[in-house]
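There are structures below to look over.
Two complexes, one shared chain (subunit A), two partners (subunit B, subunit C).
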Partner chain A sequence: MAPAQAAHVNLSPAELSFLRSSLSQTPPIRLDNTKGPRDFRSMRAEYDVLPGANGSARIALEDGTEALVGVKAEVEKSRWRPAAGQQESMLTVATGDVMMRDDNEEEDESKGKGQNAWIEMSVEIPGFRDDDPLPVFLAAMLTESLLASGALKDRLYINRRFHWKLYVDVLLLSPPLSYPLALLSMTAHLALLTSRLPALKSEKDEDPLFDDDWDASVPLYPKTGKSTSIAQADKPPVIILAMAVGPNIIFDPCKEELAVADAVLAIACANATSSTTGARIVSIRTIDPPSHLTPPGIPNSMNSATGGTVPASSAEALTQRELLADTGVWTPPRGGMKRDLISQIVKMAVETGGVAEEVIGALQAIEVG
Partner chain B sequence: MPVSILPPSAPIAAQHLKREDSDEEMSDDDLPTSTSKSSIVTPGETITSDPQWMRGHGTYVPADTSTIISTVAGHLHKTNKLLSVQPLRARYNPEIGDLVVGRIVSVQTKKWTVDIAAPMLASLPLSAINLPGGILRRRTAVDELNIRTFFSEGDLLVAEVQSLHQDNTASLHTRSLKYGKLRNGLFTSLSGAGGGILSRRGGVVRSKRQTFTLNTAAGEIDVILGVNGYIFISAHSKTAQEQKDVSITRLEESVSETLYSSQNDEIQPGVLREITRVSTLIKGLVACGSRVDEDMIARVYEGAVELEAEERSLGGVERGVGAKGVVETVLARLEMGG
Partner chain C sequence: MAVNLDRRRINAPSGGTLAPVFARTVKEPGYLQSLRPSRTRGPNEPRQIFLQTGIVPSASGSAYLEIPSASSPSKSTLIPPTSSLKIAASVQGPKPLPRSASFSPSLLLTTTVKFAPFATRHRRGYIRDSTERDLGVHVETALRGVMIGERWPKSGVEVVVTVLEGDENGWWGDVEGNGTGNGGGWGLLNVLAGCITVASAAIVDAGIDCVDMVSGGVAAIIRNPEAKDAKEKVMRILDPCPAEHQEIVAACAVGYLASRDEITEIWVKGDVGTDPDGLIEGATHAAVGSLSVLKEVLLEALEAKFQTQSADANGGLKRKQQDVQMTG
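Now for the complex of A and B:
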């Protein structure tokens, strides 16, 4: 389970109880009441903001959370690999323009040309150290979803001696007002989608020589299915955050909404390669909701300041709490996620016309428009 | 449409940046930045090197020079020959008598420290609260031990600034029936605009009535506008209404038992919806750069309800995305109507 956000919830039990009751209505009443349960907070996005980077994007949410992502590619000498004989035969096939099938990851390690180490992701969040659990987890989750398809790292291959090394620097410009994973992933998606690499002029195993003309550069993610292995244009993955409150499922929760969540799920989706579904899942994680750490509210019957009697022992207090039938008292949710709930959320995300497809479509529209 | 992504916002429309209170008759000056009224000075920017001007708030004169330099980012103000810079964003500066909404940060032996969005945390002494049942007596060691039953960390309260210390930390009190713990509602914080005497762009301003009741279709809701930019919107409690008529001599009887309760009453779904709607509208008002007061909230609320009804009956009404879009549409309509 992923680490919860370090900055813990600082809401009073009465507020938590209020939020919980409004979010468990049918339909749920969200904190921003112009939004439905599937609506994302409105955001503003732009790309190509950094002149020196191969690709960059900036997304700002209405509440002031802002993320900046820069993608920088460098030519690096490939390390000589000891399994040379096997490598040789494999590479002759590769240079013969037969692209590798992206099978599972273990096979890529030995058979595919791309290596996981060619993509380096760094996530920086103000107020957190580099080795704090939150940035480390976010970076791992983003890298994992990016490498999952295997197509990207193969595209970084130049020739037997050289490859592109891709540095993806993810920067949160504001303090993390809500769980920043979804925002960072969308910004990284947009940056990668608009990244361009200089066109290669040299051939085969020569020292790589590139076209000076930036207009001739090739996009990191090809716009159309030019390459033979990819039927539909490959796009970077995007991570969607969903939470459950009672029977309701809410996408893109804000900080206050997260504070009363029963369970939170991060789903990394890539666009579908076939037309049967809207998107496909590349990775999925549950996130420990901060609501588990909130202190429970004290019911009037147990509060000496409201005419109640304080239970004599903690065991008695526990029994009284369990028997409590009052809805106005905040009790932190317990336990994890039910299986059918997970499948329901996943279905809502990936189905045709689902949330993932809309997010990818909306991000694509920025680049086009 | 669940996902809406817009291009970066254009500079804010000129109408919001117009400063109505800048002196126009000072035409004889030759300030480099005085030509456009919407000009913003940034920290370190030289405002003028003319020795005829005097420095005011937000400015600085380096030793041995007559150059006036801005120390904050904000609008330039001229009062005769005095130059001052009004910061765009500032923390709340407490003043005696302000009604503030605060959140308990820590509990100490004889006092609480309260976040009121000021540069320093305020303190609320144990002696400055009403005891449950309205008993008037000295605070004893037992009260000190039970301090968390009154307020504990994270609790919201509405209080008044009783006094200011030398370092500008505020001391609060809740010794009135209007003040105390907050429940049955939703907290909203507006950043960076709290409590200016001069009207900044957006935010709560000190006014006659900081707490009021709004009549909605679902029922009455209470709005507390803290001068510090913290806002609490809650379901209207009937008991509070009854208590208002009670004289000070019968205080002990009227302080209800639920004064320090952290349990919510049963709230109707309709009321929940209206509370979130008002909170969303207030956020939208700030995003539009408009001031937040009783009159404005009531008007925008009515407009928003009308807009929703229209949308439901006629189908899509043209409006922007989110809270800001709704408020913008309503404000435009209000302007049209007069």
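Now for the complex of A and C:
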């Protein structure tokens, strides 16, 4: 029964009420008053920080939260599976009549061959055990968004007997000062974007042999300019955290702001493959806002110390509490989020020139410049 | 692993084994595909639900949900073509927190989702794995918004959900984890929606104050390459059974509060594109469907409770008289 939640914010009901009212103004006044509702906190990012990994990145937020991601790839033997496409060649071998397969479809061979188990994600947050809900939830969301487009796992296919196994290890170096999902996802994005795999020298079903020249290695996420008809290169997804307070939608909330949220949504976006729109959604999840666990305020009318009268019975106390709805006394939010609010948040994230496009563009710029 | 190895017996390969491949499925190219079940319901028609509350006498609230398999068991194969869903939920509490626990201004909710080891074709261990923990977080999010936690300071409630039979992630004939361009794990969404509905019923049965009844629903976008009609190539369906569809593009599970028109829990996965509104709306429609069952069942349970109470009031009197006769 021990609560294994992220560290609660220690704000009094009066402080919560003040924060909430300033955040629900138009325009909202955020905790950092220089920021607008769509502004992210400033951060320092670098990549290729770990010499022993195929790709790595480190991002530090201004409040001291710091994340490190290493991507490592290993060659692994694939387990043979009887699949519909392999039956004929298999049968001919069985009857002793060795026939070479027609290899003209080699180009497209890796399509649809990737398996979900080839990508392994681990999230480590100091102060949490591996099986605590927070790391498990974060790892599940990050993995899910990575697997949503089958393109990445298909690129891990080497040949029928071997494949790459990709280990994405996400480390939060500091204690989780704010909800770390967005930070971890951006760091993982940058690490994956800059990961490189050794170039393959062997052909087809031979035992894989790789070029030992690191300069010849191929990026895990190929850049544009290939013969593909796709307008934009595939990029890893990025998760954006958004919260709703009254009528306002605020992106990248900090810990104190989350404590007064009505609802919190995590949206995983990948860049659009056709260049018509800003981004496409690969996953959405609601996150339980910590505001549900905040202490309710006691109004002066119910407090004998401030001249009120303490309700005689608990039933009376309940009735009086329910009448407090719009008096400004802090009550933890109830219920969920309206459907049109969800669609509004999603639209703000994925539209052309929206938040997702901005974030993906900014992370791309780190690598380029 | 090696430490726990049984040295007295011939052990199975450490990597597990593959299911047997029968000659007929290899010889006749079309045979395997002919076993694939197909959806007989309409696109907007959810499966039937069986729900009952008050099944665990020692718990303060409990419920059992079953979505029976739509297709009749076939004679030619042992494996059932589609999977069914059987979930039991029990609620313990609200009860005071132990003295050692720190002060909590509101009701502390703990949800545990556990698959029985035999729940799916792939065996689950006795220790909860990451998918089960992840599901637990989802169910907790769905319930946290509904319960009025501030009315029970310094207390806790435990919701224990046991999945006795879970929906499969795909048809058994398809190679697992080999879908084209998606993350797989579609059965989990159905399990989540079932968990939300059954946990909601158990919470009402336990008599915990809620703002509304939450119910779960799933909708999916499927791609059907064989359809002649262009409209049917990519279509939205409610309450998908993953075994019945060759390719699911995206799916969404919601925990929906119908009378407030609010969503406490949403889980969208897959390649949704830019506009998930249609998918979310479909899921809420499915949730409204399961809500109608939920309401009906809770009303029935309440009526039955009052009837037994009045019967007890009469019966209790008689028993007392009998007791007196016995001692005398």
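Everything that follows uses one rule, which is that the second predicted complex is superposed on the first by the 324 of 369 C-alpha atoms of A that agree within 3 Å, B and C clash if a C-alpha of one lies under 4 Å from a C-alpha of the other, contacts with A are read in each partner's own complex, and residues count from 1 in each chain.
Everything that follows uses one rule, which is that a contact is a pair of C-beta atoms (placed from the backbone, for glycine too) under 8 Å apart; a residue touches a chain by one contact, two chains touch by 3 or more.
Keep in mind it's a predicted model, so treat the numbers as computed, not measured.
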(request) After lining both complexes up on subunit A, report clash or fit for subunit B versus subunit C. (result) fit
(message) Touch test for A:A216: subunit B only (first), subunit C only (second), both, or neither?
(response) neither
(message) So if I put the vertex at the Cα centre of subunit A, how wide is the angle out to the Cα centres of subunit B and subunit C? Nearest 10 degrees is fine.
(response) 120
(message) In the overlaid three-chain picture, which partner chain does A:D32 touch, first (subunit B) or second (subunit C), both, or neither?
(response) first
(request) Once the two complexes are aligned on their shared chain, state how close subunit B comes to subunit C by Cα atoms, in whole Å. (result) 8
(request) Indicate the residue numbers of subunit A shared between its subunit B interface and its subunit C interface, in ascending order. (result) 295
(message) Per the contact definition, I'd like the list of subunit B residues that touch subunit A in the complex.
(response) 1-9, 103, 132, 146, 149-150, 152-156, 181-187, 191, 257-267, 269, 272-273, 275-277, 279-280, 283, 287, 321-326
(message) Under the definition above, what is the set of subunit C residues touching subunit A in their complex?
(response) 15, 18, 21, 26, 29, 32, 97-98, 101, 104-106, 108, 110, 128, 130-131, 133-134, 136-138, 140-141, 144-146, 148-151, 156, 158, 175, 177-185, 211-212, 252, 255, 257, 260-277, 280-281, 284
(request) Over in the complex, which subunit A residues touch subunit C? Could you list them? (result) 1-3, 79, 81-84, 87, 90-91, 111-117, 131, 133, 136-137, 139-140, 144, 147-151, 265, 272, 277, 279-288, 292-296, 318, 321, 331-332, 334-339, 342-343, 346, 350-351
(message) Under the definition above, what is the set of subunit A residues touching subunit B in their complex?
(response) 9-15, 17-19, 21-22, 25, 29-36, 38-46, 58-60, 62, 64, 251, 295, 297-300, 303-307, 326-330, 355, 358-359, 361-363, 365-366, 369
